[in-house]
Amino acid sequence: MPYVKIEVTREGVTRQQKQALIAGVTDLITAVLDKDPKLTHVVIQEIALDDWGYAGEQVSVLRENGITATRK
Amino acid sequence: MPYVKIEVTREGVTRQQKQALIAGVTDLITAVLDKDPKLTHVVIQEIALDDWGYAGEQVSVLRENGITATRK
Amino acid sequence: MPYVKIEVTREGVTRQQKQALIAGVTDLITAVLDKDPKLTHVVIQEIALDDWGYAGEQVSVLRENGITATRK
Amino acid sequence: MPYVKIEVTREGVTRQQKQALIAGVTDLITAVLDKDPKLTHVVIQEIALDDWGYAGEQVSVLRENGITATRK
Amino acid sequence: MPYVKIEVTREGVTRQQKQALIAGVTDLITAVLDKDPKLTHVVIQEIALDDWGYAGEQVSVLRENGITATRK
Amino acid sequence: MPYVKIEVTREGVTRQQKQALIAGVTDLITAVLDKDPKLTHVVIQEIALDDWGYAGEQVSVLRENGITATRK
């Protein structure tokens, strides 16, 4: 009976990316824990940039200053 | 000091239904745990169909395929 | 597809009380939203009294001072 | 590695207030737990008044009845 | 800035399985959203069987009745 | 009606530190949002080091390798 919540900043996540996250997390849990996928729920919650703080600063301000979260 | 979070897909939940959920959960906790209702908070969070995954699939896709969550 | 989290202070909640909460919340959601119970998950999380703060004070301190959460 | 979620009713919280919450919580955790701020994330989630229940009643109804959450 | 919470029933999840979940979810998010892994936190929360309800019944009772969550 | 959840790795957080977090967060919310403290609940959840993942690795492994979360 797994339940997974994914919180991510709202920065243009597409429907296809959401589907990839849902399928990927469900497959992972099925493979690692041998759980019936029909008992696995995944919820994605996008958070506005003003509402996410990192290192004491709003992400909206970080982005305005050119600081991204992209893989280096 | 109970706190309850109800997450449900966003599919036309009315204000009256939300009030019924809030009153019902609060009454239940008062009855079962004998808690002062003034210490019970209930938060309802509606989740867009693209953002809820079940059995590895977006609920929006399940609905497009005619699969509902309605009581049988 | 509802998911419900109930957070409550750890003060001797019995297995029977937990079952009453689980059955009661599931019945409520089935009645109000007409959801298939097989899609409803309820998770109870008990919180130690040192870990719950109310009005700026640990509940463990409130209890030591004779302040309860019982229905008046 | 702290993660903090702040849930508050949606009643005109400004960008400046959000920044003050994010900075204040991060500073507090740094001071109390001596954590690197670069490992602290704070997420603010505003909840519509119909979706928050207190004492068995929707906050939207409480507000219509003149009941506020303001400091006395 | 993703944060992921995985809730799963406490049924003998090993340290290796937890590591596989953490690595797998982080890799997935890096691949799908192109996020820096240093900004991704994953929290696993195991829930006692008495505390997880499914279809209105405690999972502990379901297990006593021979009903498992294993993949079919 | 604020509710705050603080998740932190379980690494010897004392009762006094928890009280400082609870009092500090409640004071902050009272100051910034002018909320009645009697409507503010704060919940601290300590997470075992095996259960928190950062950058794809369990924190328990990071600690074994001498990597701390302490302020630089």
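Labels for the chains are A, B, C, D, E and F, by order of writing; each one numbers its residues from 1.
Just so it is clear, a contact is a pair of C-beta atoms (placed from the backbone, for glycine too) under 8 Å apart; a residue touches a chain by one contact, two chains touch by 3 or more.
These numbers come from a predicted model, not from an experiment.
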Chains touching both subunit B and subunit C: A, F
Option reproducing the contacts of B-C, where over half of them reappear, out of E-F, D-F or A-D: D-F
If you average the CA coordinates per chain, which chain's centre is most distant from that of subunit F? B
Size of the rotation, in steps of 5 degrees, that lays the CA trace of subunit E over subunit F: 120
Given that subunit A and subunit B are copies and touch, would you call their interface same or different according to whether over half of its residue numbers are shared? different
Looking at Cα centroids only, farthest away from subunit E lies chain D
Round to the nearest whole Å and give the separation of the Cα centres of subunit C and subunit F. 21
How many angstrom lie between the centres of subunit D and subunit E, each centre taken as the mean Cα position? 27
Distance from the CA centroid of subunit A to that of subunit E, rounded to the nearest Å? 15
Residues of subunit F that touch at least two other chains are 1, 3, 7, 21, 25, 30, 37, 41, 43, 52, 54
Report the complete set of touching chain pairs. A-B, A-C, A-D, A-E, B-C, B-D, B-F, C-E, C-F, D-E, D-F, E-F
Across the complex, what residues on subunit A touch subunit C? 1, 3, 41, 43
Subunit D residues touching subunit F in their complex are 1-9, 13, 17, 20-21, 24-25, 28-30, 32-37, 39, 52, 54, 59, 69-72
Any idea which subunit F residues touch subunit E in the complex? 7, 47, 50-58, 60-61
Touching residues on subunit F, where the partner in the complex is subunit C: 15, 18-19, 21-23, 25-27, 30, 37-38, 40-46
